[in-house]
């Protein structure tokens, strides 16, 4: 099978990571690449690491330029995917890396974003219960946010098994690429290096309702999520520390058993050996999520730590994994379980 | 007043930071500097940033070499201060930057450390209720751990005011200097840069009982602490995200009022203007703690974020602040409220 | 003496560093602070590390707002100082941190910058031969560029002593703050971290004529300068590797003797002990320059390595050092020889 | 073809990078992995990013454990390869990533290293003139040092074409992984981050004779090399600034033409479009070298900047590229021309 793929938003970080991975995908032919203000310039100016595509000229993001492909990836700012997607044919597989089609409730969309709610598409986190069935054969995929990817993988097994109460606390340390290439003063290298900072504190981050949606579905009840992202001086990676009160007395061995079972057959999730804790470097550039679980008996809480690469498993890798499922390809096609370290 | 000061452990990070600050202290004369394996070598080999002391030769850490000073700072590995301190006269002000004299309960000491419990000394976090009275005129000071400094400042006002339930969750992102100059593989630059990692998870970090001791005293009841440190790629700084369930319905304005009142007269604690969140860079090299507070109404939790420099306010600056109180000097003498950024 | 000081351009990195240092200067009272697009906002929004000035509101940069001060520092984009300075009275000490008054030759200015040449002022690198005499009592100071500061200190003694031929090669590794807070894609944290890159290669950097001017004056003949700056993932610091062919056979001992003599009485220049090499961390936040010298007998070249903090000795610290001389204050007043490390 | 490969020194950075690349090599089966002090432990403890090999137990590095493979990679400390290699059969392809078999002159070896000179093997930098012919079918490969890789690629075309005089100056900014996992204080994260430092200055670095050997062969005459490595705060990457006096008047266009011709058919070398300058991030994890060339007419020098990943093209990727040639495989098999950025 050769699948012809277009990428809208090829000059940004998500678009660049998509292309990095698609270049290694044996069933993919890379077609049109589009951008907004960078249209008309060669990709090499924006993504010098993608040497084989350096001479490709970026086109404008329109339904016309995106026509004629089997798969269209939309790596656009939030609120821009809905309109474009509506003009792409029903036979094209559209994979939206933005937030537009993630939230089921219009009220959630309107509280956290602006503009009209574009509706919900099958959610591209295959490791969640029931997700693969909805992704198989679909023509529309909503790629999860990077934080809900790392956090949902950390907490879903515990909530599904009833290990913890439905009030979770999540602190995620993230690299800067999650904020994209936007030219904001606090994202300058001089500001970022040597500094950690919190933002979107107190339930203010837009990924909060997505967390609640994922975890509530798994738990079968409403789950309260206290989520705080922390910006750290690294380009990539999310290290999530998630915790919740134990629902009943459980020790670490029993908790690990729940996670071992949940992820035994997952190609991209590794529960680390006891005593080893995740580092983001170990997942860098791979589609892996690495986890460790422990019980703090004194505090009566389950603590789960997960690491992912925000651009790979957290964005572009997860998107391709879901594309593979939708197209009927082996789920791991073109994706690596090997990180780039040190 | 001129105070003659010795520093034991001058080749390490805590010792280096002490000397950096003491060089700017108008009432201090720097006396003997000691080290362990580096004894006999010039300080400049270990602390090239301390240009005025580059030629000073390090001596061995013995009661004899430390004799004849008004103040002795002990920046030694845990478990080494007790024996030395016992041999220093009762008229010498001994300031222990290690853990040996922090914990009141021998059982806590024995669970978290090794060797005999050396007893408790007045605790050098002046911003805690009642601390200044115990420090005034004392000849023995136990300098707090860096994490309990940032975390106690974040949570004490809320617990003292009964804003939150006595079950707190603390995730602290820390620079690498907190781990000292020990030659461990995971502290190599190649491992640290570009990576975040959790350690001492699940109540396993030695600062956990110190947190509980501080917060319990403030709350007037036992406080459960779930504490997770996260190592981030920066040399200095601790950014703490602390949270707890609200005890009753409180909004952000009311919560801020509690913190404003608690820290109104504190020279080294700044509650940031609403909408601004702490960064570690802003406190780097200063003795400041910067805080912000918010209420997450959906999650029913109070979230407090604090930033400090782990070596300054979290170690050597806090030590000198307490020394000033003990000696009857103005508390801010020789300490800066100005950070080094970017 | 109390000197009332204004800072134009207080929201940028150079302005912030000036204020950090001026806050510690015993003879200075900080007056009006101005900015361009940030006028009307509190300084704390832009420089959260300057806690004591957080509430100061920035004013517009006009001759009127800057009137009534003993000293005015201009930390403005290149080409903006000339016009403002011309409107400040002859009795005000004007210290220009921009390039406008550095170059003696109008032709140099016109080749490397835009707009009219504003003329030359006494050059604020006191360590150069004859500089102090021109700075004493002056009312106008041109602060050197950060690269020419580190590079001229590295090469001046060798050229003055005739150790090397007048063709020098300079590669300077710099932190990102030298580029200011300008919002350019290549300065984003995501781009900078984990990457080194060259720019302004092949004699294209604007500091090249300043190098040639400084070194030519010292050598007493035209000096050819091949200068390449390299951007490294750190906020501050310049590490310069400078080299030139030996004019005659000289060994390291003899070369060191030349540097020892040249800098024996300099309070801010340290020739390190043999075998020690400069690191930028050791000078961070201080007004120091640290140097080491060696002869590569195989290659027949002298190699000099220098480290400075680009914002301190390379900009704001050097500016204050020269201000002290101009005002007749002890040259080291308010300046530190102690770095902030690690 | 399936080639069975052993890796001696699998717990280090070079060994880890070899395995990362070999896991993606379609013709390779990974056999025995060995280590020194880590023998007996699972690879996952040392290389958590190599998830598919996490359970592999490291064996001791002996001729016996390494027997029975088609290819043996030796990623051992300098001086350790010679003895092992002598005990591996003549039909095994031995690829030495250490320095033992790089230098042709025993006198060079004895000056720069310790122990006996092990002799010279075909040199694994295929882009050098004549190198491929020596590598084809060979059973012994000496992998170049990381600095000579980046520097020789930068300078060889200019010297071969007689563009410059045979006296070159090379300053290479390197990430920390080049120093390996050795536990030295100056390699700690706290020391490295936020700091640049020079080392091995003045012709003292062991790669200097290798530079001279490579460049002398290309130039057809003795080439004098002034080489200075600079340690920068990043895990990977080498950015080399190389320069030399022009032999005759040449402009940038003519110089570029020489490089275009030299590298036109090279799959792993990219001369960037005029105006673009190399960054190490763009080559991270790939086997690419990116170059840019310019003439500084004022200084009369040619300046070439190159970027590579020290662990990939500079070590393990270059080793596999040479292995491919030796085995008669397409040279690019299993190697990527796509970097991991940001």
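Each chain carries a letter (A, B, C and D) given by its place in the written order, and its residues are counted from 1.
Just so it is clear, a residue touches a chain if its C-beta (ideal position, glycine included) is under 8 Å from a C-beta of that chain, and two chains touch if they have at least 3 such contacts.
Per UniProt, the chains are A, B, C, D = N-acetyl-gamma-glutamyl-phosphate reductase.
Predicted model only: the values in this text are computed from it and were never measured.
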A-C compared against A-D, more contacting pairs: A-D
Chain centre separation in whole Å, for chain C relative to chain A (CA means): 44
Centroid distance [mean C-alpha coordinates] between chain D and chain A, Å: 35
Where chain B touches two or more other chains at once, by residue number: 13, 177, 190-191, 193-194, 233-236, 279, 281-282, 284, 341-342
Arrangement of touching chains [line / ring / star / complete / other]: complete
Touching residues on chain B, where the partner in the complex is chain D: 13, 175-177, 179, 181, 183-185, 187-194, 233-235
Parts of chain B lying in touch with chain A, wherever the complex brings them together: 167, 169, 171, 173, 190-191, 193-199, 201-204, 208, 224-226, 228, 230, 232-237, 239, 241, 243, 245, 252, 277-282, 284, 292, 294-301, 303, 305, 307, 341-342
List of chain C residues in touch with chain B within their complex: 13, 16, 20, 23-24, 42, 44-45, 47-52, 54, 177, 193-194, 235-236, 270, 272-273, 276, 279, 281-286, 288, 290, 336-342
